[in-house]
């Protein structure tokens, strides 16, 4: 809750016209936020509705709405999950570096450099992934196929262009690093000095101090920050659309081949400009699924982060 | 075992700012040495140089010598982590680790120093540390509850148990009772009197009655003038300091005329 | 208290003394002095490995990426093993973590550096006057530019900002100055949730909304503005909220004490105090949405020529232009199209970075006023 103002108005006192107009306008703006969010849900449902009840054969692919959405939902979850796997250790390590290892004078500058990553538009990450990163991965993925091919993730055959799920997940990981790092960094900075000193006074090394005082204190923020990152990764559109060479109806854990499942967001971006009729409704239905998934993830993340805020406030 | 600390010509800096100047004193083992003085005179800063916590502040440094049984704590090859392992510290506000249980709080230092300790030995040490801190009877039924659930006084005794669990040679206390009520303060003071049988104890306190009650030796710190560095004015037996101090400032301070 | 000091019997005391000695015996003794690596050991080892890495890269022995990885891994391993011999396992592990954490940070900077150098070097080819003075009207392969797209981006983002700033600011005022109870809590929570709406979903929402009025296939610049607003509003609210919180309560009370009504207090005292901070937040919010592609792709589309009327038909925007040049590059003139895509990307990144710097500058220049 905002800690600032105390209401000076007593109940029943007459209000000035200006006050009434102003408070009404600002309340209206607040309510508008809820209306917009409800509107997003309502209009998506309304537009998705025809696709939900349409005959299976009318849906692109001809197998019905569920079988249409399932492969792209799978691709969405797969790419976001592995992006999270890559980003998690990095985000924690970067936050630690900025808060506890880097010289204090340049710490905020380093934080700003990481924040700059968030400022790069996703279209640019897409072009970079397709032109720079993808070719770099061709050799390593071939090696992975040859030597670690027994793991289903590296089953191959390795893509000759490098425009694989692996590259998509790396690009996504880079894109979600800033938001995850920012939340975790904030929590690490708030670790009470008292607890850090308590462990140092016991004769802990810097790492032992971090393990005893900093990480436990930041645990829920780490989870919250990563879930926010997950939300971003699930909804990221252009980078995946450009980088990934996707085929319809692929459901596979193979990260390095040229046959990849698309993601919901990328599929919409690629198909929507040329879609018409029921195809549009189908795409909107898939967007509704994406909206629901990201909404759940984000609400969970916020709940986790807010709970920590209450906890530290109570201390 | 309890060790003697000798401080020789110690200057303490924050970057270029000289905070404390020219402290020389001997701290006897198995005794309580109290440091008193007005706010901002450098008592706590001085205390934190004894276990090398001072240098955690960026650019903070010291000049001079701190000898523990003739070994220079600031000598080459001395590891600050090792120093802190041998010189325990209790802070102004009780600071048990909030995410750890009472048991884990006490065991925290032990686990650092010996990872492969047998469960039974660990249980034993935790119990003995809590007994030594006069806390065992109060918490023995809830060792797995968080330490933050205890009262302030209990938390502070938990912190003392945590500090003595690793069997340090010296125990530093930075105003350990300033956040506590009189009854909890009494419990801590009793505990300090017991602990001095085995430890060298240095305590910073604002409470002159407390210094009189528990300490054997008292050192009076003061600023030379506004804007000048602080320093040790007088060090003597507690009785002498409070009845017949040599320095007139000390006399004015202990009689409550300033500070 | 278990036993008061005075009644403590001798046996108990001896017991406590013994406990201390046994504890000391059980603990691995950690002497005050023990071997430690020379002060310059770590930086010099690192330097050696970095030089070796650069040498291996320059001589063509290894690719840049591999050389970098080998440098980091090699340094970490050597410093760990060395420290383990000299300092023991705890000190060594501490050094290991330090090396790993620092490498992770360096690793995260690589994409940033790579992205920027790639965009600059690829975008420079067509970053010329022609590019900014021409549209794609009548262009088959060579020439052409993004004049129409640049204007479209500015118009659409401008309208989005005009809609988002009042709504966002008023909501922030509501939350800080008026909001009490459940409604305010819900709004706070959903503003947080709204920051996580995928941009493509915002685009779909706007399309669904406008389709109701205009029928299927509708595209216009204003739809893009609305979609960007949905993304921008929560950012504006959050930053304005933070800034309003910083305004000290004493200022408000001083104003009330002069019998100034609340709304005038907000307008004349609170807002001016927080103005610089809010301007910074708005600038950053614009920077965040100006590079958006997905929602514009499905609500605004693309044109080849000028259309600066946001309420009528499709418009071009830089981001969609860049994507379009990339995605629809014909085989015979592929590189010409790619060059334009990169130049548009370079323009975009320059705009975003300028806005970011501008935001910093505003914050810095006017900082003292926000912290009264």
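Think of it as A, B and C in the order they're written, each chain with its own count starting at 1.
Note that a residue touches a chain if its C-beta (ideal position, glycine included) is under 8 Å from a C-beta of that chain, and two chains touch if they have at least 3 such contacts.
All values derive from a computational prediction rather than experimental measurement.
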item	value
Chains linked by the largest number of contacting C-beta pairs	A-C
Central subunit by CA centre of mass proxy	C
Distance between chain centroids, defined by C-alpha means - chain B, chain C (Å)	45
Distance between the centres, which are taken as Cα means, of chain B and chain A, whole angstrom	48
Centre-of-Cα separation between chain C and chain A, whole angstrom	13
Contacts with 2+ other chains: residues of chain A	203, 205, 208
Chain C: positions in contact with at least two other chains	30, 90-91
Junction residues of chain B - those touching two or more other chains	81-82, 85-86, 112-113, 166
Residue numbers on chain A that touch chain C, as the complex places them	1-9, 16, 18-19, 21-23, 25-34, 36-37, 39-40, 43-44, 46-47, 89-90, 93-94, 96-98, 101-102, 110, 113-114, 116-117, 119-128, 130-133, 136, 174, 177, 203, 205-208, 210, 228, 231-232, 234-238, 241-242, 265, 268-269, 272-273, 276-277, 280, 283-284, 287, 290-291, 294-295, 297-299, 301-302, 306
Touching residues on chain B, where the partner in the complex is chain A	51, 53, 56, 58, 81-82, 84-86, 88-89, 91, 93, 95-100, 108-109, 112-113, 148, 159, 162-163, 166
Footprint of chain A on chain C - complex, ascending	30, 63, 65, 90-91, 93-94, 97-98, 100-102, 104-105, 107-109, 111-112, 114-115, 118-119, 122, 166-171, 173-180, 183-187, 189-202, 204-205, 207-209, 211-212, 216-217, 230, 233-234, 237, 241, 244-245, 247, 249, 252, 256, 261-264, 266-267, 287-288, 290-294, 297-298, 301, 319, 322-323, 326-327, 341-342, 345, 348-349, 352-353, 356
Complex contacts: residues of chain A adjacent to chain B	103-104, 192, 194-195, 197-205, 208, 212-213, 216-217, 219, 315
